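Pasting the structures in now, so scroll down.
The same subunit A turns up in both complexes below, where it pairs with subunit B and then with subunit C.
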Partner chain A sequence: MAVLAPASGPSVLSVRNLVTVYPGRDGEVVAVDDVSFELSPGEVLGIVGDSGSGKTTLARSLLGLVSTPGRIIGGEIELHGRDLLKLSHKEMRQVRGREIGMIFQNPIRSFHPGFTIGWQLIEAATQHANISRREATEKIVEALTWVGMPEPAERINDYPHQFSGGMLQRVMIAMSLLNEPAVLIADEPTTALDVTIQAQILELIERLAVDRGMGVVLVTHNLGMVASLCDRVIVMYVGQIVEEAPVETVFRTPAHPYARGLLDSQPDRSTGKRLTEVRGASPQMTELPSGCRFQNRCDYVEEKCTEPPALADLSHGQKVRCWISQRHGLLPTRLADSDHRDRAESTGLSGK
Partner chain B sequence: MILLLGRRLLEAVGVLFVLSVLIYTIGTLVPGDIAQQMTGIEGATPERMAEFRERLGLDRPLLVRYADWLGDAVRGDFGVSLFSERDIGADIRAQFPVSFEIAVVSVMLAVIIGIPLGVYGAVHTGSILDRLLRGLSLIFFSVPTFVSGVLFVWFGSMFLKPFYTSYYIPFTEDPLANLRAISLPCLAIALPASASIIQMTRSTMISSLQEPFIDTARVKGVRETRVRYLHALRDALGPVVTLIGLMFGALVGGLIIVEQIFNLPGLGRGVLVAIGQRDFPYVIAASLAIATVYIAANLVVDFLYPILDPRQRDQE
Partner chain C sequence: MSLVELDRVSVHFSRGQRRTRSDTVHALDDVTLTINPGEVLGIVGESGCGKTTLGRVIVGLERPTSGEVVVRGVKRSRNQRPGANARNDGFQMVYQDAAGSLNPWKRIGWSIGEPLQNEGLGKAERRRRVTELLDQVGLPGQMIDRYPGELSGGQQQRAAIARALASKPRLIVLDEAVSSLDMSTQAQVLNLLKDLADQHPVNYVFISHDIAAVDFMSDRIAVMYLGKIVELQNSAKDTHPLVHPYSITLRSAVPVPDPAVEKGRSRIVLTGPVASASDLPSGCRFHTRCPIAQPICSEEEPELTEHQLDTSVACHFAGEFEHLYRRSSNSNTQP
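Presenting the complex of A and B:
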């Protein structure tokens, strides 16, 4: 568990009302719809949500690298008080790698097969700093040592295919810290790796936040990972934030029916059995219902839900986009509430 | 890796040997008895034909004849032409450089035209120039060389009078005159070839640009031109190089036609004439010369491949 960053601490990254769209034949897909959040130094912010809820689009928007034909059409991304969306291409390029780093899902395919990893790391090290090859080599060997690669000075002459996926993800992390960026974005960094390797990579990411004070945005499907690593979590549903809260709060008292459903659908640690699935499927981005986007799957749905709810504060830094929990201050019990306590305990959150 | 390449070299020699057996056998067994043809079908008495066969050594078993021929061939002696009685080895040594030059210049032209345009198409997919290029390459690709060749001769003699000459002069004697003579024939071969290079480069480049490592480069803050022309192009080049190697094989048909149309003293024209005359020793020797170039081109590709793609080096 990373050091708990004070929620009110100075932000390194403030995202406000970000909107990213993909124009398409059957209408525009608003993949990131009015998203706002803050990230403090040393904080690990989790982003979870269904496939297609816009997590990757959000992550890539932060670096100005939305894949074509996507476009950011509104909002602000403020890094150290500077709005990245107002920067020129050249200035944005200087931000990449130097102020914001990013690591990806598939480490093997994220390295160029035709160049040695030394070459690729040196390219990263010399992009933003005017240093000699020798200095750059020293720097990358140091970074590789930090991520735990054995014999880095020899191995930098090897090609990516000569490494395992887990080792390449370490190299990726080493690459992202070369220029000491203030923010690291990790888009499902362990999804492609063995379970045993996953824990090692997560430990590295945690050390980036704790030892180096980086603010980390961690996109993941894995709630267990959120529980063990993140300070705060954002739950996304069809392009919108539906809940944002400190991790313990979400695990103890999820306020959005979708967040509760997600927690219930996690495989039980002791039995390995899923308790429930969130029934139904997300609506198509091009055929959104008017009102709450979760209404076709929601057990709590009522008349009011045909009007779109806003993301509003509950208490203790918890925000939710749901009429019912906003009215009650929390999500009323429908299912056996003890289940959720059990969930929190089995994911290791009790007594924290 | 050296081991692998050494093996490739041995394989190439082996392939050449097998080819020589095949070509020799086919060249000898073609329908139409050479002796009958040469003695004239009318006045051929069985005695005359037997005598002729003996003179050519045709009465000996195929295997013996092949061994004989091979022994001479490795020393560069391919015998004499059945018609002109000229030394085939000397003829081929004179014709080979002409065809080789045309082939190499054509492929170089095709590469120079094809790779940049293919890259452009991939980077600016859907732009007007990209669509124009795709249309044009479809046309270049589907017009047969004998049509484009004739058009080029006509065009050259009508509009490029001061530039174009139809007399072949070796490069070593007068480089400029040489280039004037081969420019149009090379273009006639290069255009359809460049069309396939454009297509191949465009499609491999498009998929390379979508590889996750391209994102990595961008995330590092690498300049977009470098991302495209170093990272993506480097990755896209492998299949293009393979295509270029194969192109030398496909080139032979074009060479035969173009040398005929432009009246160039190369192997292609020689083969065409010799086939008409059933001059089989010549056809065998020329076919082998052509096959050697093709095998050599693919050997070069085999050597280039591990340089372009390090993953290939660790096989073996």
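Presenting the complex of A and C:
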């Protein structure tokens, strides 16, 4: 957890009213629906949601990598005050890698199998900076050392298949470090890795934020990772942000019934009782109910829910898209309940 | 009488033309294990640890290279086709990829009813049984005429479970059965599995890399590393913390979905090279990464022996890492 991250400050990345669509048989599918958020330097922002919630499309939109026929039809993505959506493809290529770094779920597919790691890293290093190959080599060896690669000077002559998944993800992180970007987009960076390796990568990402002041957007479905790494969380549901709040707040007093459902459905080893479940399944993007998109799975549903709720500010930086919690207040989770029972020290119950 | 007994079972695969030593993959080595009626055995480990191979041996889809499998007191014949063993013993398997285990060109009802074909049931009777099964796994009746592509991931996995239940199996091996599901549907399927076990006389072997899910489902837990069981816990509940350095690391590596806990705890991060099943290290297989490895660990392979009541561990220094770890971390960090 990046402890020193400023709660408010000049943001390095601000996204306003972003809309990304894919054309489909039954009309356009709005994969990212009016998404806005700010990212501060040194902050780790988690984006969580089920598959189909639009979290990966959001990450790819930020990088200008939405695959055709999908396209961004509205909004602004400002990096250091410059709107990325107004840039040409060529200019955007200069931004990627230099100003925004990226790591993806499957490291082996992010590298060309036919070139050595060193060749690919040197290409990335020289692409954005006017340096010689020797300087670039020094730079990549330094970056590889930083990510904990043993014998980096020798290993740069190896091909991607000669690395394990965890090592290759380190190489990917090293590559995204080369030009010291201000923002790192990490899309499910440990999902393909074993848990003992995941722990190593988590540490690295934490160091990126804390030691290097990089702003990190972490897309994941793993709530444990969110709890250990993120400062702030955005919960997405079928294309929309349904909740945004500091991590402590989301885990103790989530305001949206979906967020609450997700948190309560985590297996808890001490109880061994039945898990609380979120019933049903996410609606298809083409068959959205009018009004709140979560209404047919929600335990608290009311008449009002057939009208679309807006993302409204609660207190302490918490935003929610729900009529119920806007009217009746917050929904304590199992975690908060057990805190209360144990009279344990309150951790964020007051939303501090 | 135990349901399944494995006695020093090994499975080796050879790859390539030259059958040299380094071409042999030791997927499973000398595994001895008992599954008792009425219990859920959890198997946890990382990729390549042999957990799927172990599941396939138990079901009867994989023939051991050496060792014996005894099912309800009868030695499993080595001459049978692997698939026939599973059928004779009444064992079933549910896979991670539910979509891949249902025929995409056939309706759900057909796929679920297929195991009933040899039972001599009439068409109407079979349809009635399939409707019953759908109901048991919580799928609406009209799903019987749908194609797999029309179902969500969670519904497909429910259908795969219904199909496994159709032949009234004694044992179902669930191989990463919830791993590919969305967060919000994992809990649904885990609950369903628990409910079904209460209603039917069925045993589970629950295989997963997710130690939280294994904890939730299992009465006993086997932790695997590179083809070996390194720890066997006969009671999965909180009273017995894990003992083997690898097991403790594994549990510590999984981030807990609670920021208050995460803030206060130190995670054990392993260094050292990960060994491979085709080039095993000498001695204890974990010694290349073990934080408390001593010279003896690279010389002598530890046997799985009883460490305390209900806990067997394969480690020369069983229990010592536990003490170290507890001392160095605060009360929040129960491994």
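Please note the rule applied: the second predicted complex is superposed on the first by the 322 of 352 C-alpha atoms of A that agree within 3 Å, B and C clash if a C-alpha of one lies under 4 Å from a C-alpha of the other, contacts with A are read in each partner's own complex, and residues count from 1 in each chain.
What we mean here is this: a residue touches a chain if its C-beta (ideal position, glycine included) is under 8 Å from a C-beta of that chain, and two chains touch if they have at least 3 such contacts.
Nothing here was measured: the structure is a model prediction, and the numbers come from that model.
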So if we stack both complexes on subunit A, do subunit B and subunit C clash, or do they fit? fit
Is A:63 touching anything from subunit B or subunit C once the two structures are fitted on A? First, second, both or neither. first
Give one of first, second, both or neither to describe whether A:262 is in contact with subunit B, with subunit C, with both, or with none. second
Does the superposition put A:315 against subunit B (first), subunit C (second), both, or neither? neither
Can A:157 be said to touch subunit B (first), subunit C (second), both, or neither? neither
Does subunit B (first) or subunit C (second) touch A:112, or do both, or does neither? first
After lining up the shared chain so the two structures overlap, which partner does A:51 touch, if you call subunit B first and subunit C second: first, second, both or neither? second
Just checking: does A:306 make contact with subunit B only, subunit C only, both, or neither of them? Give me first, second, both or neither. neither
In the overlay of the two complexes, what angle sits at the CA centre of subunit A between those of subunit B and subunit C, given in steps of 10 degrees? 70
Counting residues of subunit A in contact, which comes out ahead: subunit B or subunit C? C
Rounded to whole Å, what minimum CA distance do you find between subunit B and subunit C in the overlaid structures? 8
Overlap of subunit B and subunit C contacts on subunit A, residues none
Which of the residues in subunit C end up touching subunit A in this complex? 46-47, 152-155, 182-188, 190-191, 194, 209, 211-213, 215-216, 237-238, 249-250, 252-263, 267-270, 274, 289
Could you list, by residue number, the parts of subunit A that touch subunit B in their complex? 63, 65, 89, 93-98, 101-102, 104-106, 109-115, 120, 123-124, 127-128, 159, 161-162, 172, 175-176
Contact residues on subunit B for subunit A in the complex? 211-213, 215-224, 231, 234-235, 308-311, 314
If we count contacts the way the header does, which residues on subunit A are in touch with subunit C in the complex? 1, 48, 50-51, 164, 166, 194-196, 198-200, 202-203, 221-229, 247-248, 251, 258, 261-263, 265-270, 272, 274-279, 281-282, 335, 347-348
